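After the structure tokens below, expect a handful of questions from me.
Labels run A, B, C and D following the written order; every chain starts at residue 1.
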Amino acid sequence: MAGTSLVAESTRSRASRLDQLWSSIADAGRELLRRRLGPRRRAVELLCRELLSVRGEASTLALARELVETWRGMSAEERAAFLRLLAVEFGPDLGAVRRAAEAFVHQPGPRTLAELRRVGEAPRVELFRRMNTAPGGTRAIVELRAELLRAMADDPAFAELDRDLLALLATWFNPGFLTLTRIDWGSPAALLEKLKGYEKVHKLDSLEAFKRRLAADRRCFAFFHPVLPEEPLIFVQVALTRGLADRIGPLIDPNEPVAAPSEADSAIFYSISNCQDGLKGVTLGNFLIKLVVATIQADLPRISRFATLSPVPGFARWLSAELEAGTAPIVEAERELLERLGEPGWHLDGELTAALEPVLTGLCAWYLLRARRNGKPIDPVARFHLGNGARLERINWLADTSPKGLAESHGLMVNYAYDPARIEQNHELYVEGELVHARAVERLLAARERIVERTLPAVVQANAS
Amino acid sequence: MAGTSLVAESTRSRASRLDQLWSSIADAGRELLRRRLGPRRRAVELLCRELLSVRGEASTLALARELVETWRGMSAEERAAFLRLLAVEFGPDLGAVRRAAEAFVHQPGPRTLAELRRVGEAPRVELFRRMNTAPGGTRAIVELRAELLRAMADDPAFAELDRDLLALLATWFNPGFLTLTRIDWGSPAALLEKLKGYEKVHKLDSLEAFKRRLAADRRCFAFFHPVLPEEPLIFVQVALTRGLADRIGPLIDPNEPVAAPSEADSAIFYSISNCQDGLKGVTLGNFLIKLVVATIQADLPRISRFATLSPVPGFARWLSAELEAGTAPIVEAERELLERLGEPGWHLDGELTAALEPVLTGLCAWYLLRARRNGKPIDPVARFHLGNGARLERINWLADTSPKGLAESHGLMVNYAYDPARIEQNHELYVEGELVHARAVERLLAARERIVERTLPAVVQANAS
Amino acid sequence: MAGTSLVAESTRSRASRLDQLWSSIADAGRELLRRRLGPRRRAVELLCRELLSVRGEASTLALARELVETWRGMSAEERAAFLRLLAVEFGPDLGAVRRAAEAFVHQPGPRTLAELRRVGEAPRVELFRRMNTAPGGTRAIVELRAELLRAMADDPAFAELDRDLLALLATWFNPGFLTLTRIDWGSPAALLEKLKGYEKVHKLDSLEAFKRRLAADRRCFAFFHPVLPEEPLIFVQVALTRGLADRIGPLIDPNEPVAAPSEADSAIFYSISNCQDGLKGVTLGNFLIKLVVATIQADLPRISRFATLSPVPGFARWLSAELEAGTAPIVEAERELLERLGEPGWHLDGELTAALEPVLTGLCAWYLLRARRNGKPIDPVARFHLGNGARLERINWLADTSPKGLAESHGLMVNYAYDPARIEQNHELYVEGELVHARAVERLLAARERIVERTLPAVVQANAS
Amino acid sequence: MAGTSLVAESTRSRASRLDQLWSSIADAGRELLRRRLGPRRRAVELLCRELLSVRGEASTLALARELVETWRGMSAEERAAFLRLLAVEFGPDLGAVRRAAEAFVHQPGPRTLAELRRVGEAPRVELFRRMNTAPGGTRAIVELRAELLRAMADDPAFAELDRDLLALLATWFNPGFLTLTRIDWGSPAALLEKLKGYEKVHKLDSLEAFKRRLAADRRCFAFFHPVLPEEPLIFVQVALTRGLADRIGPLIDPNEPVAAPSEADSAIFYSISNCQDGLKGVTLGNFLIKLVVATIQADLPRISRFATLSPVPGFARWLSAELEAGTAPIVEAERELLERLGEPGWHLDGELTAALEPVLTGLCAWYLLRARRNGKPIDPVARFHLGNGARLERINWLADTSPKGLAESHGLMVNYAYDPARIEQNHELYVEGELVHARAVERLLAARERIVERTLPAVVQANAS
């Protein structure tokens, strides 16, 4: 970076040329803005400017309230235009940043650094801080980011705005400010209805179906922020079982008999769901899991094992791609067997499943431990839990035979174990590229390796790198 | 700043020379640190480094808790040493900032700006964010800043650390996250005891004395942050009166009869106290006043006037200095009269007070409106309320005859009026250098001007600039 | 009573003969008891005796707790036996009562009256008072009475026990001790599930269906007793409408659009349900209605009309009996028309309903106002609301075409209006035998009278008496 | 009773004569009433009659509210007159009771018994029940009884009314309806202020002094009724100590250092105060003590001993009377020593106290165990705790040297021990006339007996009977 600064063109002139480029992009944005937000645009922009002005200081509360209400009343199109306004007109003043950067380079010290940081922060950040003083301000800003993330698919120019929002929300939603709340059948129906809607992993048909998941042998916890007392941020569902659960069916069956929690030795985290799109990227899940582990330990000292029962969402897709590319770690004889996965109801055919089990569990171990990108597992769930300090504990055969479970992971599910004493060390190994896993999983992987090594050494090599 | 960059010495070499200077200061700090924190230093520093490390990510909660507990257990000397550690070892890497600044100057754009901002943030900021995840984390950080502010008097090198802390706390204690709580005699005794301790303006002898200030004709409100439910941040005491109160005595007399709130037409803010030293500089007072005005308006629609009854804490000191320097806006004949202010009990001598009243109230008007620094009133209370959009409404003679009142402001008190419809405009005028005041105050000032113009035009000129 | 005392047989001997009779009945009960409660009987009886004894005074809490737990663990048969034990063994000592009565007659005065009252109270009343000191005691006693009422159908000997329980429960559940709670979608799911089960009038399929009944244009209130915070005692569902609702359909349709409550001028009480069988006979409903009227008036001053939309549960049965007996107030020509009520789907035949409307609404008016027992309407709902001070406001045609509505009341429903200013007077007239009703209802009745007077004067006479 | 019925005069005529007598008393009361309550009397009486009438049924709530407000507005004299109205005009109809009694004697059975009970209940009982439906009704009735008890000193005719009120209040304030609340420094100041006022045993100077009694090594609990959430009914103060406390000084000294509760092995109940005069006679204290013992046991399992540190309020008075009467269980030689108790500061004279200790502690043991009325100790505190199942554990010398302590009990205090396992048995023995006490107390008593037996056998005989 700094090493490339000795270019022919003077820094100054080059920078100003780039500034012009940047400006012209912004100008285009403004034109677009004018067309979309129409007459309303001026009013909203003026409101924002006023809130940021000297005059605004005295009436932050009133102006912030007006801005929040304006946001609430906007149509989808107006909201999109407003986001563009924030992205284009309320970013940092690059000229000022450059001047401050030069001053710092010339004379590095506290004063120049402070100035550099001051101008480096986009004015919209202060705008959001002031907007937040209004009732419902926090909620509006979370919504605003949710809309931004939806819009971003169309337009990568919003990335800068998103970075500012994410940094601000991460600071505001610091885990130290959140409350962990136990959810049960005595919780408000309105809250349960919301959670039911947010549950994407193992969907709920009705509130009555939810009741079973809140019975004596279950635990459900959510994070809340004090200013959003009716909006759960993330929640986790836990089953108290004897032994690690190896199938999802009994855990989500509303008619399963309720077990005595005093007899349980394991806590199975079988569903964890984010609730607020606008908080994407704000780290909540790993804090939630760890706090819930600690809470259950304190409450039920007999529980000694903590593990998830998780889907392997990318497995079927990965396998199919590998098969197509001819790079799957199988021997030719297995290909025909795997093709039978396309037959409806294959999982009900005992003979077939007996033949498939060793092949698929081995392939799954391979997928989870060997299929990586930048050294990390490509499976998102594995990435989350292993990166979070869990251990890949067990691969469960015919564990989720729902249509989705069969389609995405050929019915397999995985236990990731959270051993409080090992979490830190596992995480550190993960950072260094090692995925901690149980001996049983190692055996599955080794068996697969032995099979393919004899026949497909090249593939193995390629894949393992 | 940037304008001074065309120096002979190359930016590069000069910067590196400054870096060395900076480094040597830091080294000195380290040496000091070593001596003071002793063997414990290594442990604390390691803990901080670990909390910031990759390994720390997995066990933020545990490490943060340990750090908070370590902080709590530290002696005063160890705390001072820890603050120094944070100031010296966890500041931004100036070399990295310079490189990022150069890269930005060379190629201004989102990526270089993001990098510049990333390295511009001191690592301790992330350290505080992680420390905050622990129970009691927020409180510890507020305490930490309180200690820092106490220590800063001795050592200006802490300013950078303070800037980071203030920015973080201002974001965390955004008014949108605070709750306004009414305090009354049904509030917890422990809370009332705390407030009694925080009340510095008109001290309270006992909880029983506090009771009168919480009776039916009073209101008391405090701001709280949800994670510090037992720690008020700031609180205000209000009396509901008929007409603007012109003396503090009846408002703080525990034996004053309780009036019917339904008969009141005015709300007098007679005491506002910050409770947390660690939040100095975080704007809370003006939000509190405005929210309380709105709350009382909604609750008691008959109340139409909102004003403070405030001390003039710098008046006596200012007058004494002006008299000594011979620049006081008085005529010679008044000097003798003013000297009698040194006589004990002067305020009880009816003849004397009758003679003093026009002189002192005029001088006070002069002091509040003319005695400025950078265009702002030098009186801190005037600066706060006028800057906050209030109007200087009335100067009250013999309004506070307590020893402190006599010593600091020769017994004068001021009403600053908060007219919700004018706040914004008043504030704007204030920014432009105009101090909005009532006609009665204008008359006091004009009378004084007429007196001194005849005799001391030079002084007036000098003072008014 | 006293006037019949001059019988030949001496009071003394006669009484002792009756005592023997009474005793032999009790003895039979005891024998039964012995057989049913078996070995456990002794234990339970001993526990009760101990709780009532001198020794019990010191450990009431422990013994009460044991008794409550014993009750909870009893099978249905054991409970029945326990009720018999209470009825037979813990009633008043009739010999003692007689002696006290004689003493009082001999020497009426405060002391003899006190003694008479002391022995007149069954020991089981004190037993219940002591049992109530245990956690869950109140609940157990309410359950005990519910079981008693179920058992009473079989055995009228329980009446005395029931009288004691009812008197005690009426004192304990005095409205002054109850809290009126608004129920909405933010109420605990467990509570809504219970209410859903208790709603007998217009059944609820699911919690989701309940949600519509708790929307912005609805109100739902329940009475609770502080020691039973999870057990609603009685609840009422109210719809806020423009004009008096004349059909139940829209009020219970989950898909009906939500109206703005600010536009409503009427509050329609469309369902009121008792929740605790054990509190039968404890007056709750009229207090609930009146408190809810007052609450809604305070909350929504625009609401000026309060009325029910009620079923006429006995109408079809009454009409059918009258028709069979030949005493229905109809003319012969109408009989054929009324027979068509037996045809399925009659209510969908416009021509038929047009012909039936005047006949059935007139008959309904007749039924509500003329069909009486002891001067009170035989329709239980009419008896409740008219006795409660309401006015029979309107009879609504084709108002409830559900199978139950058609079967019980030929689709008719009634508005009973609660005019706060008239309630007292209406009630007083009711006590004197007058059923207050609106002019429209009077017209329906008068029309019917005109029709039948011409042809069936005898019937009318007979019926009206 | 019944045995005396065969008198010459016929029951009938005699009864009617008594009725006349009774009536004339009532008439006199009425006259008095007329004079005192004056014109207002009619209004209040009418209101009561209306509330009890048929018409009142429909508007109980409104009339009850009016009656409660009328009560609140009454002057002391009007209240006294109102109590007389209730006593005289709303008692049972004695004629009706006599008729019902005769009917029952003639034909004892459920129906006649029910009628007897119905007319045996004074109409004012139903009046209170209806009055209770109003907001503040319960509080008004408790106040009403408090005023009645104050008035009763003057006029024993109120006894009947009091019996009705006590029975009703005992049913309403059944311990099963009360909540046990821990009081600490976080409790509302208004509540602490009330408790401070109710503390009669060891008075509190200020709220700040109360703080020490709510510190970590203390516990304070109160009973509340749900409808009187701001009115404590009774409260107890407990100190957690090592060993049984033998002096009150350290327990009530605001400057005593706070001990670690984890080190305590004993819980000392050093003050128990009733708060509501109107609930005199309603058993609350023994339930409170037992619940607090259970609560502390659950909370702090290391606490194994529960005892009071109680005054001996009647000791000095008893001793003085016995000395005067010459019946004190002393030998002549001791008389002179005891006379020195009249010297101020005697308790500071080491030689004197050494001589007095064996005499006074022995006399105190004698007083507590031997001085009885109806077989019960005459000391009220001993009667309460021993009757409650406690054991007289220890007599403490120089345990309360406050002026009151010296005056009432010559500085002695007593520990009554509550051993949860023995409470019931101790109580039973108490009922049988045995006062359970520790061996040490037995030794004190025996020593005294040996001394006096030799010289004053007659006195001992007389006293022990």
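Following the convention adopted for this analysis, a residue touches a chain if its C-beta (ideal position, glycine included) is under 8 Å from a C-beta of that chain, and two chains touch if they have at least 3 such contacts.
Remember, predicted model here, so these are calculated numbers, not experimental data.
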Shortest path length from chain B to chain C (each step joins two touching chains): 2
Fewest hops from chain A to chain D - one hop per pair of touching chains: 2
Chain pair showing more contacts of the two, B-D and C-D: C-D
Distance between chain centroids, defined by C-alpha means - chain B, chain D (Å): 56
Whole-Å gap between the CA centroids of chain C and chain D: 41
Residues within chain C bordering two or more other chains: none
Set of all touching chain pairs, with the criterion as stated earlier: A-B, A-C, B-D, C-D
Touching residues (chain side chain C, partner chain D) in the complex: 1-2, 4-5, 7, 11, 14-15, 18-19, 22, 54-55, 57-62, 92, 94, 97-110, 112-117, 120-121, 129, 132-134, 137-138, 159-160, 163, 168, 171-172, 174-177, 226-227, 286-287, 290-291, 388-389, 423-424, 426-428, 431
List of chain A residues in touch with chain C within their complex: 185-193, 206-208, 210-211, 230
